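Below are two complexes that have chain A in common, paired first with chain B and then with chain C.
This part shows the complex of A and B:
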């Protein structure tokens, strides 16, 4: 019964919106807002064919590569910069500068440097995704509790063991918050990196449809993007609940007490 | 007043604090937390350190445990100078909620120092089981620390220290943040563990009753800048219990004496030796 209830909560609003949309388009065909039925048909035709192989999967591949690299590099560099005081003092102003540069402006520059390649697109994604992970990791590493740190020291937990058993788990709530931001930025940059002078990918396809006035097709592409976003968010929440089980539990106990 | 001064130490001390001084450098000038402390702990001794608040108890403990470098003087553990946290020393902190790893279950918390030292799995399991049994927590190995009450969390911290098999156990006001009943239980637990393992214990507290009830010896600190006000032997029977021991005339006498000394310390009275030096 409970899963039925959660399913109802999950699809309730989307179904209602579809219904409103359907009612609104009923008997008043609008070129820019196709009826849900037409859109569904188009969705199947456009995306369950060779486009999965030629556009969707390559885009997803670049997105995952970029996001994974950003998370990996961000955490590793964050641990290093957060742990070494002089390094932090040295790098922080510069990091703030690079973070402030909007990643889309890098697309033309990187295009010149790297050509219109997969690596260029992945680098665009990394260049935007890395900041929330990096800066959150630095903050998390800095905020390791003093008593906990002393405890670890008195028991000889040092070096890599300290990172693994103390610093990383202690910073994990902040790191996860950074990863959450990183995912949404990643999706945006995936699309943007494919909008300039590209010849394949989700972003390219949607712009292409728009320019050729294939309006239902364009809408169906936007829906694909939305669904990818939702899927990523679900995977993230599932992972986060597992990784931070202790954190949420502890917060609950604190709030109850 | 019938109070025994500490006898001359013959054997090699387990822990030796020599002329310890700690000055904090702050923007507002230097703050002298500890002026000159010298004392020895014999192997297997259970000594309590009491002093008025702000007498540098925690500073002293941090210097002994190697977490802080003294400005002058030195700490010797079994004849070796302490320069960083020594291997054969365990510390139990007051803030139990912040000294256990909240992302690890009880068992993992107790096990971590052993795992980190490379103790083989079978040996590790045995030590952890014994330690959890000794503190009465054998039934909650899979709980997270934050799921337990404050007293139980402090038991986990004690189990972790016990499993580590230290030669010296330092305790920094470990029961200051638990309720009175739990506190009495934990005091008895410390006595039991100490009698069983005969580990050298230095127990820092601001509670006079606790120091007399627990210790075989009480070291009283003066107010800041800190020196030793007095160092007395607690000649109460070895088997102690909360009701009978605390009802003994001798307990009251010793308690009275320590209380007086602390009051003197608060008023700024300093022992003759300190005034000279």
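This part shows the complex of A and C:
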């Protein structure tokens, strides 16, 4: 009975919304909002063909490359900058400025510097989503518990071991928070870079549909983007739970105490 | 123990302030110098990356133009209106849904599904429905910043102290009074975090909408400057958007500090 109840909670509202949508488009067809059935058919037609190879996978590839590079570079540079005091003081205001620049304005700048290429799109993604990772890593490294840090030093934990067993774990909650922001900015930039300057990719295809008033096709593209966003968020939550299991446990104990 | 620590730390950090600020300034100057030298040395052609001095001059020139301030105004109006609508909607819905266990459970799957949908996915829809008007910017801004605030409000309402709530109940406080005196103060720090995050997201989306859709504002000016070959002007506008971003961050931190001056997370920095 309980699982039936939780199932009802899970699918109740989505089903209701679908029903309202279906009922609303039942009478006269609305130009902007296609009926669910038509949309479903279009979705299969449009996206389960060669388009998945020509547009979806290259877009996803660029997104993953960009995000992975941004996370890698961000954490590495953050560890370096965060552990050297003068370097941090030297760079922090400049980095804060770069973070405050809205990432989409990088698209025209990099278009100018690099031309319209695949690597330009990857660089757009990297240079837009590196800042939350970088600045959060710096902040996390700086906030390493003083007692832990001193104990580690007393026990002669230094060099790579210090980074691996002290600095990285204690900065990881902050780093994960940065990565969460990085992922959503990355997806936005992937779409924008393709909408602004491209002849292939998800963003380009969706704008193309919109310009030719292929409304159900356009909606199906919006749904693809939504599904990518949802998938990324689930993968992130799963990873975060694994990486930060110790942290959530510690929080629980602290809150209980 | 905490008092001792703050007492030990604060004079030291106060002494470190001028040095840190000096280093930070040196960092900015160093960055500008590098920027100046790269095109001058010919590593990147000046017609793609003009030297910093040229861009700065263009920025200062832009400060004197009324057209620049008009586009800044358009961007800021879209930013403010979008943020305002999103915050109001998120607060109302957040308190409503958060304070009822049934609604919270019934909506959670839909929220988890709708929230990660990137707002830029709505760009084509916005273009179709509103064209290049401010409404398309607003649609993107509201959608993106709504979730930031809404989720925080939900967390905040869930964080309520049951003892405090039951105490208020047994003292005969009604539903409205309890929301005002128990739930709202508990949720306020969360709400302010959400608003701060939403403020920078709203700026990103405002600029995005102007850049991609062409609704009026700084983003459109950047796109126009780029396609028109006014390269220094484009870089100047990019710098201007960064400055606006910094100002918004500072403003939000300030508001957060003011509204939460009573809260222990802010107070503990001063006295414990």
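Keep in mind that, in the parts below, the second predicted complex is superposed on the first by the 244 of 257 C-alpha atoms of A that agree within 3 Å, B and C clash if a C-alpha of one lies under 4 Å from a C-alpha of the other, contacts with A are read in each partner's own complex, and residues count from 1 in each chain.
The rule is simple: a contact is a pair of C-beta atoms (placed from the backbone, for glycine too) under 8 Å apart; a residue touches a chain by one contact, two chains touch by 3 or more.
Remember, it's a predicted structure, so these values are computed and weren't measured experimentally.
Of the two partner chains placed by the overlay, neither chain B nor chain C lies in contact with A:119.
In the superposition on chain A, contact of A:249 is made with chain B only, not with chain C. When chain B and chain C are set side by side, the one touching more residues of chain A is C.
Look at A:165: by the touch rule set out above, it reaches chain B but stays clear of chain C. Contact with chain B, but none with chain C, is seen for A:151 once the two complexes are overlaid on the shared chain. In the superposition on chain A, A:212 makes contact with neither chain B nor chain C. When the two complexes are laid over each other on chain A, chain A has no residue in contact with both chain B and chain C. Residues 9-14, 17, 32, 86, 89-94, 96-105, 107-109, 111-113, 184-185, 187-188, 191-192, 195-196, 203, 206-207, 209-210, 213, 215, 218, 221-222, 225-226, 228-230, 232-233 of chain A are the ones touching chain C in the complex. Looking at the complex, you find that chain A touches chain B at residues 145, 147-148, 150-151, 153-157, 161, 165-166, 169-170, 172, 246-247, 249-250, 253-254. In the complex of the two chains, the chain C residues touching chain A come out as 19-20, 23-28, 30-31, 44, 48-49, 105-110, 112-113, 115-125, 127-129, 200, 203-204, 206-208, 211-212, 219, 222-223, 226, 231, 234-235, 237-238, 241-246, 248-249.
Across the complex, chain B meets chain A through its residues 62, 65-67, 84-85, 87, 89-91, 93, 95, 98-104, 112-113, 116-117, 144, 146-147, 160, 164.
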